[in-house]
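A, B, C and D label the chains in the order they appear, each numbered from 1.
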Amino acid sequence: MNPTQCRILIDCRDEKGLVFKVSNIFFNYDLNILSNHEFVDRENNRFFMRSEVVGIIDQARLCADLVSVLPAHATIHVIAPRKKNIVLMATKETHALGDLLIRYEDGELDANILAVVSNYDLLEPLVRKFDIPFVTVSHEGLGRSEHEQQVLGALGALGEIDYVVLAKYMRILTPDFVSCYENRIINIHHSFLPAFIGANPYKQAFERGVKIIGATAHFVNNNLDEGPIIAQEIIPIDHAYSWKDMQRSGRDVEKIVLSRALKLALEDRIFVYANKTVIF
Amino acid sequence: MNPTQCRILIDCRDEKGLVFKVSNIFFNYDLNILSNHEFVDRENNRFFMRSEVVGIIDQARLCADLVSVLPAHATIHVIAPRKKNIVLMATKETHALGDLLIRYEDGELDANILAVVSNYDLLEPLVRKFDIPFVTVSHEGLGRSEHEQQVLGALGALGEIDYVVLAKYMRILTPDFVSCYENRIINIHHSFLPAFIGANPYKQAFERGVKIIGATAHFVNNNLDEGPIIAQEIIPIDHAYSWKDMQRSGRDVEKIVLSRALKLALEDRIFVYANKTVIF
Amino acid sequence: MNPTQCRILIDCRDEKGLVFKVSNIFFNYDLNILSNHEFVDRENNRFFMRSEVVGIIDQARLCADLVSVLPAHATIHVIAPRKKNIVLMATKETHALGDLLIRYEDGELDANILAVVSNYDLLEPLVRKFDIPFVTVSHEGLGRSEHEQQVLGALGALGEIDYVVLAKYMRILTPDFVSCYENRIINIHHSFLPAFIGANPYKQAFERGVKIIGATAHFVNNNLDEGPIIAQEIIPIDHAYSWKDMQRSGRDVEKIVLSRALKLALEDRIFVYANKTVIF
Amino acid sequence: MNPTQCRILIDCRDEKGLVFKVSNIFFNYDLNILSNHEFVDRENNRFFMRSEVVGIIDQARLCADLVSVLPAHATIHVIAPRKKNIVLMATKETHALGDLLIRYEDGELDANILAVVSNYDLLEPLVRKFDIPFVTVSHEGLGRSEHEQQVLGALGALGEIDYVVLAKYMRILTPDFVSCYENRIINIHHSFLPAFIGANPYKQAFERGVKIIGATAHFVNNNLDEGPIIAQEIIPIDHAYSWKDMQRSGRDVEKIVLSRALKLALEDRIFVYANKTVIF
C-alpha cells in the first residue's frame, strides 16, 4: 500500500480525552497530520474535529478504531480526497451559474459537474459551450410534486451526486425533495440589513433605503431560505442605486458567496448540526 | 457685511430647469459654490439639492428668492454653519456613549453636548469626567407616558435641541415623544443577515450560526427600529464566537456607525422622505 | 429629430458661475437632466461635471455653446450612449478574462468585445466558446518593441477601440504603446497592505504575514502599475493561507475590481487628471 | 488545590505525534480542554499549539512534562489567566488613546493600565479623568538615546510590564529600546493600497487618488513600521475626501485595529516567528 491522504471528520458528544484518543490512533497508524481543527460547542456539549492526515490508511479499520474510542452515536467520516460529483440547478439567470462554469473551466472547482438541470432551456447555449450536459425538466402543466418527481428522476439518472448547487434555481423545493439530499443542497439568496420577507425584497429594500446589500449561502432545509448558513458577504450601496443597480450588485455578491460556500463543501470543511454550521 | 459660508438644502417636486434656476440665484448673489450635490428620485419625481456656498449672504432674502423660482411646497433650508446642540440619551452601556464623549473631547464632534440624559445614574461618573451635565430621569414607579413626560421636561429645560442621540437608550419611545423631535432622534441598533425579530436577537443569531453581524443607525419614527436608515456596517464572525463575543463585536460596529450617522446629521447632509434618506 | 440621451462631461479651470452657465444652456435646449454631478478640486482649482440629459440634441451645436461659456482649455465631451468597442488582452490566466466573458454573454457588459489578444494561444479554446475572435501575437523571438508593434498592428486591424482591458496581460507595456491609448488602457494588479515591490509579491506578503490582500484597477501610464486608480477592494486572510490560497483569493478580488472599473469606464464616469481620478 | 484555568502555548519544530503527546499529558492530568488550536507552517516545518484547559494544574510540573515529550528548543508557556500590566504611550492625538481608555473604563479591556507615558503633557487632562497616572518624559533638549533612557527609566519605575502599546506615539524607537520589550511593543500605523513610503503619506495617497485607506497593528522590531503584523483593516474612500477627511477616516480605522490587536495579545493568542504572526 502507498501513502494516501485522508480527511477525517468527527462529530460527537463532548467528553474528556477526545483529542488524545483520536491523536493516539493517528500516532499508532504513524500518520502525518497536515492540519487539525477542533471545536467544542459548550452550549450543546458537542465536539467537532477535522484532520487532514497522510500515511498508509486502511479506511475501514481506521474508522472502526475511531468508533471504539469515541462516545456512542459519534458521526465519523474518513474521506479519501476525490473529485466530488455535483449538479447545478438554475432557472434563467447566468451570473451564479456562469461564475461556476468559468471556475470549472479554469480547473479551480475541484469537482465533476455531471449536468446542469433547469426548468427552462434558456441557459442551454451557455452550458453547452462548456461541454456539460444540460437537462431541461419543464414545470409547465405539472403540479409541484409531479415536477419534483421528474427532477428527482433526472438527478437519479446522473448517478451518485455529492452536492446539488442551486445557482439561482427559482422554484421552492418541498421537504420530500430536500430529504433526498439532506444537507447536500446548497442555495444562495439575497440578504438585507434588516431583512425583508415576502415578495420583491429588492423593492422593499429600495423603499427602506438600505445602505448595504448582501448574500447568504446555506444548506436547504424544509424552509427554502432558512437552512444552516455557510457563508455571507455584503457590499455597500447608497441612495443613488435604483432597484436594477441593487440587483446587479446583489448578483456580484451572490456569485462570490456561492462559490465560496461550494469550495468549503468540496473540501469537507462544513459540519451541520442544530440548524447551524461549524466550518474549519 | 462679511462673506459667510452657508449650506442650502432644497427638497421639492422635480421639474425642468431647477439646477439652472437655483444656480442662477447663486450667480446673481455672486456666491462661490464650494460643493454641490443633486439627486432626482425618478420613482417619486422628487428633486434634492445640497450646496455649500460662500459670499455675502442675506439668508432671509436668499430663501425668499429660492421660494420664488422653486415649485410649490418646496422645502428650503439656508443654514449658517454653527455648532449644533445635541443631547445624548443612554441607559447602562458605555461603548456608544463613551465613543461620542472621546470624540467630543477630541474636538472631532462639531456640536455642543448639552447633557446626557439617562433613566439610571450608572453612567454619571463617566459623563462627569467630561464636565458634561448628567440628568437622571428614573422610570421607576412611572408609567411609560408619565416617564416620557418627565424626559421631555428635562429635555425642554436644556434649551433648543437639534438632535437627540440614543446611544443605547433601551426604552421604547412612544409616537407622542417621537413627534416632538421628528427626524431628529438618531438611534443605533444591531442588525443581522437575515434579521431576527423579537427578544434576544444575539441568541437567535447565534443559534442560526450567522457569519456576519452589523449595525444600523436611523432616525426614529413610530416604530422604534424602523425609521429611515442613515448608515450601516457589518463585521464578519464565525462559529467560534459565543453570544458574548458576538455582542462585543456588535458594540464595536454600533459605535462606529452611530458616530458616522451623527457626523452626517451635524453636517446637514441627510434628507428624509418616504421613510428613506438621501445622503450627500 | 427625436429626443435622445446624452452624457456631457466637462473638465476645466474652476471659476464662479460654471454650474449656472452650463445649466442655463441645458435649460435653453429644453433638456431634461437625468443626473448631474459636480466636483471641485480646490487644491488644483479644477472643476468637473458630468450630466446625463435627454432631449432634442444637436451635439456639435451643444458643444460649441458650452465652449462659448466655459473657461479656455476646457475639455468637453458630449457622448451619445453607444456600445463601446473594447479589446481584452490576457496571457494565461482565466479568472479575470472568464469573468468578463460571462458578463458579456449575460448582456451585463454594455460593450462590443472586438477580440481577445494574447501572446499565447492557451486561452483560445475558452474565448472561442463565446464566438469572440482570438488573436495570438507571440512574443517568441521578438524584442519588446518589435512585439508591441505587432500587437499595435493587430489592434489597429480591429477598428476603432475605446478601451483596451488588460485582463492579466503579463507583459510590461512601453510608453510608446501606452501613448497610443492614453487613459484608455485599464489594468488590474494585486495590492497589499503594506505594499510589496519587486518579484513575487505574494511570497513577500506571505513572509510578512499580511492579514489582507487586495486589488487595484487603474489606467496604465508609463509606469505599469502606477497609473490613476479607478477602483480598489480587499479581502481578509489569515496565517493559515498558503501562497496558493492567497493567490486564489487574490484572483477573486481582482476579477471583481476589474469588472467594476470597466463598468465605470463604459458609463463615462471617470475623469483623469494629475495622475488621479474623479469618479461620478 | 482547586481547579484553575490555564493557557498553554507551544511553539516547536514539527514532528509526528505532537498533538498526541501533548493531549496525552492533558489526559493524564485529567484536564478539560476548553479550546484547542494547532497550526503547522510546512514552509518552516514549525508547529504551533494553543490550548485553554481547566483542572488541577501544577504549572511547573506540567511545563516540565511537556518539555520531556517535545522536540528540543520548544518554547512552552503555561499561563494562568491574570490581568496583564500595560503601559500606553502617546504623543498628541487622542483617538487611539481615548478609545482604549473608554474600553478600560468599560471593563472591556482585560488589563491594568499602569500609566500613560508621553513626550508632551497635552494628553494629561484626558488621562487624569480616568484616574490613570500620566508620566511626561519630554524630549526637549535631549538626544534620541538620552530621551529613550529616560523613558526606559520611567517604564522601569512602573514595575513589571507585559505590553507597551503605542497609541500614536510619534517618536521612532531605536533597536536598543525595542530589544527591552521584544515582541511586546504594539504599534498602529496607517496603510495604503499601494503603500506610500516617506513623509506625509496621506498627501501622497491623496495625490494618487487611492480609493481605500487602512491601518496595520504590529509588533515593533528594529524597523518602526515593519514588525510582525497582528491585525489590519480598511475603509473605502473616494475622490471627494480631502487630506483631512482621509486622516479622520484613518483615525477611525486605526483605533479599531489597535484595540483588536491588543485584545489578541491580552488573550495570549499571538505567536511571533520569522517576522510574522500565527493568531488563534
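Everything that follows uses one rule, which is that a residue touches a chain if its C-beta (ideal position, glycine included) is under 8 Å from a C-beta of that chain, and two chains touch if they have at least 3 such contacts.
Keep in mind it's a predicted model, so treat the numbers as computed, not measured.
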Most distant chain from subunit B by Cα centroid: A
Pair of chains joined by more contacts [C-beta pairs], A-D or A-C: A-D
Whole-Å gap separating subunit A and subunit D, where each centre is the average of the chain's CA atoms: 37
Distance between chain centroids, defined by C-alpha means - subunit A, subunit B (Å): 41
Shared interface positions of subunit A, touching two or more other chains: 35, 39, 236, 240
Residues of subunit D defined as touching subunit C within the complex: 39, 41-42, 191-195, 207-212, 214, 216, 225, 228-234, 236, 238-240, 274-279
Subunit D-facing residues of subunit B, complex: 35, 94-95, 98-99, 101-103, 105-106, 108, 126, 129-130, 240, 248, 252, 256
Of subunit C, residues touching subunit B in the complex: 16-17, 19-20, 23-24, 26-27, 30-40, 42, 236
